[in-house]
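All remarks here apply to the structure that follows.
In this document, chain identifiers A, B, C, D, E and F correspond to the written order of the chains, with residue numbering beginning at 1 in each.
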């Protein structure tokens, strides 16, 4: 099985970290094909970055489709471009945010989310509402760790995230924790052991869900809003994205 | 007062129709500056078109901000890029979809929406849920009229839309109707008279709301997720979109 | 355009303050006809006052309809009698509470409400739920300022309201504020400047929405629950209110 | 135990029918004191009638409080004035609409409501939402029987109501039925036997709930929005309603 | 009228306390038949106890049906086995949890629940959601008093429960309180007097609701999911439970 | 990896069919340990069967825990006893109903469920609400095929299920289908091909999710309501189930 993992921002070190997390949990026969977006923002923090990450993501999905992958994983916790990717691809698509929420729902009665900056909280809350899982989430908490700080070994990012997990368990009564950024993928197991609570990393979760979909022979339904884009002209800088 | 109306698709005839609808209801002192996107899809029908319309929309918003407009209107019923535009702009931003839903809530106890293709229905339903107004909407109905058919005077588009309005009133007990496409802006008054029910066009609604915001001195709050984008490098084809 | 603004309580100084706030934002050609209720409570604080304010409100709406106004504004933040007024009137009707919630939804991702007494909080929460906008509201806060204290220049009402706005921004992460009483109409701009957050006054909001409805040619839909009252006898003290 | 049953419309024959239904189910020691409103509409059909029924209702509640009753029942299915009555009274207050919904929730998994005119449906739906019981209700159906037709033995009202019950069971899968008008109180048992499904009359339900509250020593909580009205002047026609 | 009150745990002292609470509020002609489960857990604290309490509860319901009772009350605040009991019985069934929530909805605008251990909170919250009454509940609070401590006169259980009621009123603005355990039935009146707020005991509430159902001639609807169990073989230890 | 699949009814042929479906999708290194309940109902159709299936299920979970399995799958679409199993087990537990809903959410925008008898519909709807996924489900449809008919090759069960899938796609606009019974596990792939829509079998879905949880190192959180049962005496027929 070949799974395409795409990082929709342009920071290659984050792609590598996510790919490593994916390979650590993948079944022996699963191959992880990792790709970094070639255009747009270096990290996705808020609505504007999110909007400008979409063309690079679509380009990556189209390229991987051409290579005949079995599934796609979007390795950004905001699930950037998930619906558009499902419309474009034939293979199933899993976002790491939704993946984490779904698995957390299976090991916790009420899960907490610990993410990076406060400005990401409403994006995550909106996704939870859209997926239907808002009622399963006790609270979305911000650690005020910026995405690129996670790439800096000298920062105190881990300590701040751990403190926020402690508050989620003690104050919000969360009995499972979701780490709300692809850049936190390497912290999940250690933080879980430290707090005695299941800690879900979205990358690992998405690999498991993608494998589950492929083994069960399930692909995105095309009879509704995920139908292939209608052929039409695209203009200007983006003319190359026109659906045939 | 100067209001920037941006059509996020690249079809100039739709921009002209929307601009005419805007000017027809604007206050005497209000100036409508209409702009057509320079890149991306010729019409927005589904998630993929929506994703690729965002860079052109952001470019237009940034250009109008540079000209010092008082408010922006996004003239696509899907409210494409609304959150990103609010983060980017200093002036307030109104989407024609949300505008129509808000005004319909003031004249109807339960409004119906009549849109173009079935594949747009889930997008509109998701927007209604996101805005909190889903419970105010009786049903979103598709007329199966494609967006560009609305530009063709020989089509039977108007008759099919009228028939769907009739069903919304009789079967769904809607007591107000929202027309679910910018390209239907010229039909609202006549259809309202025909059916004896208020029929809301989003362009007219958005002009009224933009004027209301400006007169009340209200701009987008910047203390939460609509904070200005953080400065960071953007790569590749989209390097020019990098926030300073 | 002639807009009827009715204060459903009997305190004329509140009517004057609301009329001034309305005139400050109305378009040049808009005329504000202000009217104070002739019967019932001097201020509306809770369910009982609300119930007894309705006949006076209906009398005022009927009188203004006779004068051929283009729209009605109910200048009580509880939106007292809104549904009944819509049934009675041919012209559209806007409540200042709903108006403020709708405009706040356009400039904030999540708005807070700062009102007078704690006992008003459940009324406002119920209205938010009824309008569908509860999910857009972070929290309704009481300043414990009584309505008539707002008419007393010597009170510390403004300071207490300002403190509560500070808590709404810092603790509830509200990025827009709604002032929850018609008597606060004169405070909105200054408090907005002080806190760096959009502060919405319902009176100004309602004027903008009423103008928007009239310019767009929209009136209340009469095919559903806002149908005109059925002719029937009324008895006793209220015999004069009988629908013809 | 003395229970005050007030009909908030002015039609005495409906009061008598409701009082008879109440006495038929009351415990032997329970005394039903029935009272007809002295002012306002002859029947309550829609928002305007509802608004003008409130003063007469408040007058009746106050009179009965003076007589020292143990509980009040508001015998209109719209639960007209329920919140205001709770604020005014010391004794507990039960609306026949809410009473029917609560009991139907105990005998059915999903109940249906069959009411009079279509225009009443949104009122009932709003009440269900407000009480939290909307999810327990399969559908609110209108029989298009006007309230006063129920007082006319020659009408085919009973047959139309029965047909609508049949549709609620067959099409909506309701396993309990609520009759949505005080004037239907005499039909419940026979229609239940006819359809083999529990049919709940609000008057009978309210008597049982009022008795339950009194026996359990429960009165309306006064620490929140049901606090007694604040003393303040009332003006004009309604000056007599001023809270002391 | 004969009402069967079944304690689904095996602790007879709790049955006696609940029976006493029931008899204290029952109408003179009502007979309370109390029964303790003969199998399963000594107290029900969490999902596992709940699951193993069901056979004993079903045995008790079947036995009482054989004796021709008019109604059943399940005297466990978790409403253990409520749906299964409704399917099995011909007489109506009332759970003390749901009974308390329904009556609290009639005397409070927003009620609080004070229960035993924190682990019971999610069970109660799930029930509130299932019944539709979650929005009526301000908060479910745990006093951290274990069920069997309530049977020990030397414990400080009452003081801890009282303190939690104080917090529910002051912090959550609850204007009615539900005691969340059958073992607290003897405390309701005194705590209500102490705090000046209605305090609802589920046992008393259930007796009132059962009497109300019986007097109104209402039994569980059998046309939906409460249909009698289909005849089929049961195996092993539970073979005796097979529906005929 | 060793996954315990337990059929909570006592029909061994259904266990075998589910085990075959599980093995067909499991990763090469995954071992499926299938077990049939030794006590209770031969099939689970409604609340009473569900209640009496719980002891047998708990016995099976405890036995498999003793054998050191890595995960448990409950092979009944009602997710019978899921919460109790999570409290009892150390290994993670997945219900086939929830598994199907979660995977269907990843391949469809709005999924439909096709189950056996109408009486199962409310059980499934309640589960969807409890999991938070109700808004993702277009409709739960009954094929009126009884569970044990699925074991009879001569029945027309498959045709009736297929017809219902057709209606879910055409009328409810479902773009993914969930088969609502473990006994339908062998039909998913063929029905998916026939209708051109993803058809999710809960057994296959549960295997994928269990593998995903185990690979990601995730077990049920024990800090909340899934804490191990408290030690206490159990009486009578069920004394053997007492938690140590």
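One rule holds in what follows: a contact is a pair of C-beta atoms (placed from the backbone, for glycine too) under 8 Å apart; a residue touches a chain by one contact, two chains touch by 3 or more.
All values reported here derive from a predicted model rather than from experimental measurement.
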Chain by chain, through touching neighbours only, how many steps does the shortest route from chain A to chain F take?
-> 1
Would you pick out the chains that touch chain E and also touch chain F?
-> A, D
Larger contact count among D-F and C-D belongs to C-D
Looking at C-alpha means, what's the farthest chain from chain E?
-> B
For chain B paired with chain F, centre-to-centre distance based on mean C-alpha positions, whole Å | 44
What is the distance in Å between the mean C-alpha positions of chain A and chain D?
-> 52
In chain D, what residues contact two or more other chains?
-> 83, 109-110, 118, 121-122, 129, 135, 173, 224-226
In graph terms, with chains as vertices and touches as edges, which category applies: line, ring, star, complete, or other?
-> other
Every pair of chains that touch: which are they?
-> A-B, A-C, A-E, A-F, B-C, B-D, B-F, C-D, C-E, D-E, D-F, E-F
Interface residues, chain A side, partner chain F - complex = 25-29, 83, 92, 94, 98, 102-103, 105-110, 131-136, 169, 173-176, 189, 192, 196-198, 200-201, 204-205, 207-209, 211-213, 215-226
Listed in rising order, the residues of chain A that touch chain C in the complex are 118, 121-122, 129
Per the touch rule, the chain C residues reaching chain D in their complex are 10, 37-43, 45-52, 54-58, 81, 83-84, 86-88, 118-123, 126, 129-130, 224-227, 229-230, 232-239, 241-243
Please give the residue numbers of chain A that touch chain E in the complex, ascending.
-> 109-110, 135, 173
